[in-house]
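I have a structure here, written as structure tokens, and I will follow up with some questions on it.
Per-chain residue numbering starts at 1, and chain names A, B, C and D are given in the order in which the chains are listed.
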Amino acid sequence: MENLIALLIAAPLLGAVVLLCGGRRLDKTGHWLGTLLAAVSFGIGVVLFADMLGRGADDRTLTQNLYTWIPVEGFQADMAFQLDQLSMTFVLLISGVGTLIHVYSIGYMEHDERRRRFFGYLNLFVAAMLLLVLADNYLLLYFGWEGVGLASYLLIGFWQHKPSAATAAKKAFLVNRVGDMGLSIAIMLMFTTFGTFAFGPVFGAVGEASEGKLTAIGLMLLLAACGKSAQVPLQSWLGDAMEGPTPVSALIHAATMVTAGVYLIVRSAAVFNGAPDAQLVVTVVGAVTLLFGAIVGCAKDDIKKALAGSTMSQIGYMILAAGLGPIGYVFAIMHLVTHGFFKAGLFLGAGSVMHGMNDEVDMRKYGGLRKYMPVTFVTFGLGYLAIIGFPGLSGFFSKDMIIEAAFAKGGTEGWILGGVTLLGAGITAFYMTRVMLLTFFGEKRWQPTASDSGSAAGSGHEPHPHESPKSMTVPMVILAFGSVFAGAFFEIGERFLKWLEPVTGYSHGNPPVSAMTVTAATMVMLLVGVGIAWAMYGKRPVPVVAPRGSFLTRAARRDLYQDDFNHVVLVRGGEHLTRSLVYVDHSLVDGVVNGTAASVGGLSGRLRKLQNGYARSYAVSMFGGTAILIAATLLMRAV
Amino acid sequence: MSTLTSAHSLWTLAADTPADRIPAPTIEYAQLAPTLIVVGAAVVGILVEAFVPRRSRYYVQVFLALAALASAFAAVVGLAAGGYGSSKAHIAAMGAIAVDGPALFLQGTILLASVVAVFTFAERRLDPAAHGNRVDSFAAQAASVPGSDSEKAAVKAGFTTTEVFPLALFAIAGMLIFPAANDLLTLFVALEVFSLPLYLLCAVARRQRLMSQEAAVKYFLLGAFSSAFLLFGIALLYGYAGSVSYAVIADVVDGTITKIDPALAGTMGNDALLLMGGALILTGLLFKVGAVPFHMWTPDVYQGAPTPVTGFMAAATKVAAFGALLRLLYVVLPGLRWDWRPVMWAVAIVTMLAGAVIAVTQTDVKRLLAYSSVAHAGFILAGVIATSAEGVQSVLFYLLAYSFVTIGAFAVVTLVRDAGGEATHLSKWAGLGRRSPLTAAVFAVFLLAFAGIPLTSGFTGKFAVFSAAAEGGAGALVVIGVLSSAIAAFFYIRVIVLMFFSEPKADGPTVAVPSPLTMTTIAVGVAVTLVLGLAPQYFLDLAGQASTFVR
Amino acid sequence: MNPVNYLYLAALLFTIGATGVLIRKNAIVLFMCVELMLNACNLAFVAFSRMHGNLDGQIIAFFTMVVAAAEVVVGLAIIVSLFRTRHSASVDDASLMKL
Amino acid sequence: MNFPLLTVTAAVPAVGAILTAAVPAARRTAAKWLALFFSLATLALAVLVAVRFEPGGDRYQLTESRAWIPDFGVRYELGVDGIGVVLIGLTALLIPFVIAAGWHDADPLETSSKRWRPTQGFFALILMVEAMVIISFEATDVFLFYIFFEAMLIPMYFLIGGFGDRAHLGSDENAAAQRSYAAVKFLLYNLVGGLIMLAAVIGLYVVAGNFSLQEITAARAAGTLDMATNTERLLFLGFFFAFAVKAPLWPLHTWLPNAMGESTAPVAVLITAVVDKVGTFAMLRFCLGLFPDASKWATPVILVLALISIVYGALVAVGQRDIKRLVAYASISHFGFIILGIFAMTSQGQSGATLYMVNHGLSTAALMLVAGFLISRRGSRLIADYGGVQKVAPVLAGTFLIGGLATLSLPGLAPFVSEFLVLVGTFARYPVVGIVATVGIVLAALYTLVLYQRTMTGPVKEEVRTMPDLRLREVLVVAPLIALLIGLGVYPKVLTDIVNPAVEHTMSDVKQTDPKPEVAVEAKNGEEAK
């Protein structure tokens, strides 16, 4: 059975290789092949899942050791996989949602002449992501970690002819690299501390390590997580990443890749349990991002950017939960899964909308679309209800659990975190309602001249919204189902908790307030959020040109100036630094050498003058030389 | 010496003694054969000038010279094989001449170098034929004023200065004696014997005769000046030791002399005599090796003299002069080591640096090579200073390597010509590698050898000299030597850049196709350069066995 | 008379000769100065020979004269040819080659 | 003595060089094929060497020893350890690609004269360099090594100065001037380094009396040959200086950008991927082997210089306008990593450094050769002259990207393994240094991606609109390199197995052991800790 694990990765990898090296002759069939192989991977995942369910809770871990990857004295990295419940969850999510989005892309990318390569990249991503979650040691995880980074780079910049896309891709990769620095340093720390970085041995030895070391490792892992999961302070790339095709945003920048940070932290539970300070920082980062994303989401008029903000915020929830320790791990993952469903659904919905609107992304130019694209409206609506936590839908359960857990942390921290999560829930309700209203309600606001913010397809004539083809709507429907029922399914009989508990551990904590009150509070926040949104965008007509808005709005539109800060400090500063260094290299380092050469030349030129052609002056030099010679010899004797 | 004192005792006694009491000096003709053969050939050469019809003189002279040199070299080899270089080494000709390892090795080197040099002397294909007569690089009639009718007539008549061959032979003879001289008088005579012909040879260039004559004058005046210093030094040393024999002086210096008469006792105490005398003699020798600050004649003379002569001079003179210097410092003045070593240190350092630095901005190939020869003199001095068997060995080896590279290089210079004769200005050498790759490649090999790049004789020699110096405790000298060879490398490389990397000029010079004579010279030069670079062991052994002086 | 005085004289003559070489222009005069130096050497030789009471010095003196004679031959030949070419015997005029 | 395999391996390209040079002017193509044939033959021999070499066996194998210059205590001694084998393999592997990539780089211009045979010269010189590099990897006699270490400058010098990049900036004369400046700079830098090393070599001779690496190392280990501390340090510095120039280490690096910028892409590859490796190799073998104590004494300074190289090189690379100069500065940064790994003196660091030499060779070759193809199409080295190439020449862009990703050491490609090993090895002994060095991986991403973005993406520039994609010959050159990069990235075992024993020997030379981890872990694979 465990020999199947490698196949999980091999199938999409094969797809990537074939599609990318295959050349034009695959243009016709490539997308089918890609989708098929993703589906194959999902199929294998299901088989393994069934097998896993068949076994007892404690021997559900499968391992497969292919070969020793890097054998160096004292440094062993194996090409080995480990499939436990946690990995299983991700495998199903990745390959499942992945497959759906492959299907969706068939329709979405129909008119792109580079569709084959797009599917190649998608397969590459799936393979890398699976490697990430299946690795049994941190170095291999790092392999997958950078692999998904590469895929994300390629897909964000898929429309490379758009400078904005290329820049966004580069930005995403660089910011992630900063996170990767954290990961590699963490691995080095583990190596020096434990002499290994394989999950099992490390977690087994955590007890003996000093808390300082563990905290350091934890913080470095957190840095990595921040990079990949777009958490403050490394969140800036996610917004720009929306330059990529929408399926990419759905799969990579909503459902799967961005949640890798959460996986990393939950996976490293043992380390974090030993480092409470690190955990505290994690929760803080989570809380900050939660609000940050939410606020940004409120102000964006670009539908994808708004959703991106929301993604940031939702992942903030998960990170926060993961930071809570055993109380929260399970719920972090649970929210991750449900979020995978509804956020992917929302993005696909957004994609479908743009598809119908000549790739227009400005929500202020939408309006009243529910009549034109009913399926999109319904699926998007369900996703919307799910995310704001409408009772009974999946978001409701998972988010509620996290809020409870936050309170359960206890002490003032508990109150603060709980408060933040509640507030977040309110803001989520607000901005999602805003998106909903701006897009599907009110009267049509689109003009004949569509802006060119879309891809090359963005042409100037009057957009006539229409429903998307089956290949796009079907996945949306399926995801909508997921977003409706997943939560309940997990929650009934605490299935999910029992499922993951052996891996992540669980402790109930001590909630200062009862679950009922928390739920009630959440509902209140929810209604408030929706209410305000309705008041602002539902009742009165929405201006097509965004009003100047309050200071906070403007700040939020500019991502709270965080990007500007980066630009001024890092980009500009960096440019100056490199320029000055180039100058130094040319004039100082090189100048010294050339200077020496020049001075030798000058000296030579001067000495040359002595050779003035007059025999008598030569005689003089000889005479003087002799005199000196004699004097010197006598002097030698004297001293 | 013994004869002289005995003669002196006679002289102070009554005059009635019959003259036949003076014992005839015993001369070991066999062991002096190399020198005697060359001198004899030179004399015969003069007679040839007198009696052989002009048409055939050239051939006779060339044959005579080559035969003499060859047989002289054979004699040297025979002596060396006979063990005179090592076991049977001794002092011949009543203490005037030493027959020992260094002497034989250097004489062999000089003779070989002279053979290839004579080839270039005899080259007659480079200059365009004048009035149907093939001409070499020497004036038709040195006596006639440049541009005058008499010169034109001489050219028309197809005269050639075949006297250069006997002159060269005389010079060679002097050079053979110079490193072997075992008393100061012989040293002085030998010096003059090889200097005077060289002065004349400098003056007989066919092209650019003004420069040639100027070179001769400068060389002559400065040479005479320096030899006057040398002579005065000899006088002072004689005054100090009461003899000019190396052995005696050495004994006196060491204080190991047995019989001390009162006069000697008086002068022995006076170190000023010794030191000044030594210094003055050193001046004379350093002038010949072209060490700073006695080097200033080299660039002018090297440039003005006919190129074959320059090559001959640059190679053979250095060998002979360094031989004499070695013998003087190792046989006569070892007792003074602590006095002259620091001074020679200074001289070596200044020579290496000045030679390398000034060469950087030279624009004429021959002057460039002149300054490079100055720098090399500095390197060789580093070996001289080692005062050890390794030192001698390294110097002998270096001289062997250096002389062939030099002659080869100057032979190449004779090939690159334009309307005005040899095109020695560097700017004319631009793009030579494009026009005639082979010539340029050969010259590049020589330049690399000068620069001491591995796999050439230059590197082996440099390594030998520097390692000897380092073992002699002159580490700092090695470092400075290394630095100056870095500077030197710069200008050798400049020439290579010029030849290969810059576009050829439209009015650039042509490369004359030489006769087998010059070709042999160049080929031998290249061969020796590479052999000494790749498999130097045999010659190192030779030099090693030859590295002990007889005293 | 103390032979040392002859040495002083010799040294003086040598210095005069050397100075002459340095300050005079005319090649012939220069050459004469060199000869003067050589003669100074001869004087020194003879004086030392007297001091040491052996013949070497005097014999060397003869050698020196011969050599000097030979030198004259060569030297005059060169100088004369130079003079005939340039119509001047000044060594400073002969400075084509420099630097 | 059995069959002298090592001598033959070095001799074959030398013979090839002579034969190639002898090909008459008209038969240019014949010369090319001849050269290619000989380079492939050398590759075969190198493979044979690797096969004959037993990783578990003696330190130096396939040894040969003949008397050469007894007077200097010099012997013709050859022998390879794992590091040597790997690097010989790299050299022999890259040369065919260099030749194939430079197939048309040395075709004579119509203007040049009949006697001038640049093509023959070009390929002959390349083979000559190969021969000299190989023998300097084999030499176990310091003098022998020095000879070829110096001698290889000459053919390199002619390759740089004689066969410039046709796609030069400005006029022909200007380009010629730039080129000879670069060549002279290259030669003088390395010559000065070499001469200073010569002084040290002489010093070593005075101290030790012979040049046999094994004898001296053994004597040092046994304590029979003890140098005064200062002597050892001076000698070490003399050696290290030469190698640091060759490597090149900041601040002795400025010759590399000129040399790589002005020469043709294949020659640039030859410089940075092959010849410069001799420097780092020699640090590992000679500096550490002969002067262990001095090496340890100098480590702090060297580490700092290496760090500067890494960061400085990367930052300056970001600021370059010229593609090839950018790659050159990137290489400087990478050499910083190699030197870091060597002097961290941990087995991870040194294995990493050795792998790094190979991987950097491959990655730079891939990137530089593709860059060369790109430049030859557009006739310009300026980044600003490109844009949107990916649209018109996707294969070229793809290979270029892979080369770039290798340069920024993406996991899955070979350089990652070595870079991470170097980092871990350094971190284990000097945590701060290790952390600073990791900044390098961010900067590497920066300059690579900036280069890719500016040249390949964005709207298609008018001049590149008609640019053809890679031709078959070019694909054949690049594809194997990429395959190797991936192969060694996921299965580096083939190399590590050969390298590790050699590294252990080096570690014992310097009497260093790896720092032990705080917590000893008994390996229990798989099951999680609760």
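The working rule: a residue touches a chain if its C-beta (ideal position, glycine included) is under 8 Å from a C-beta of that chain, and two chains touch if they have at least 3 such contacts.
Note that the coordinates shown come from a computational prediction; the quantities given were computed from them, not determined experimentally.
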Shared interface partners, meaning chains that touch chain A and chain C: B
Closest chain to the centre of mass proxy, which here is the mean CA position: D
Between A-D and B-C, the pair with more C-beta contacts: A-D
Whole-Å gap separating chain C and chain D, where each centre is the average of the chain's CA atoms: 66
Intercentroid distance (Cα basis), chain C paired with chain B, Å: 24
For chain A paired with chain D, centre-to-centre distance based on mean C-alpha positions, whole Å: 36
Where chain A and chain B are represented by their mean Cα positions, the distance between them in whole Å: 81
Sequence positions of chain B contacting 2 or more other chains: 217-218, 221, 225, 299-300, 490
Residues of chain C whose C-beta touches two or more other chains: 18, 21, 30, 91, 94-98
Multi-chain contact residues (two or more partners), chain A: 597, 608, 611, 613, 615, 619
Chains that touch, pairwise: A-B, A-C, A-D, B-C, B-D
Chain C contact footprint on chain A (complex, rising order): 608-609, 611-616, 619-620, 623
Contact footprint of chain B on chain A as seen in their complex: 597, 600-601, 603-605, 607-608, 610-611, 613, 615, 617-619, 621-622, 624-626, 628-630, 632-634, 636-637
Interfacial residue positions of chain C with respect to chain A in the complex: 18, 21-23, 25, 30, 91-92, 94-99
Chain B - residues contacting chain D, complex: 393, 434-437, 448, 453-455, 459-460, 462-464, 466-467, 470-471, 475, 478-479, 482-483, 485-486, 489-490, 493-494, 497, 500-504, 535-537, 540-541, 544
Complex interface listing, chain D residues touching chain A: 188-189, 250-251, 253-254, 312, 315-316, 318-320, 347-348, 351-352, 388, 390-391, 398, 405, 410-412, 416-417, 420-421, 423-424, 427-428, 431, 434-435, 438-439, 441-442, 445-446, 449-450, 453, 456-460, 490-493, 496-497, 500, 503-504, 514-530
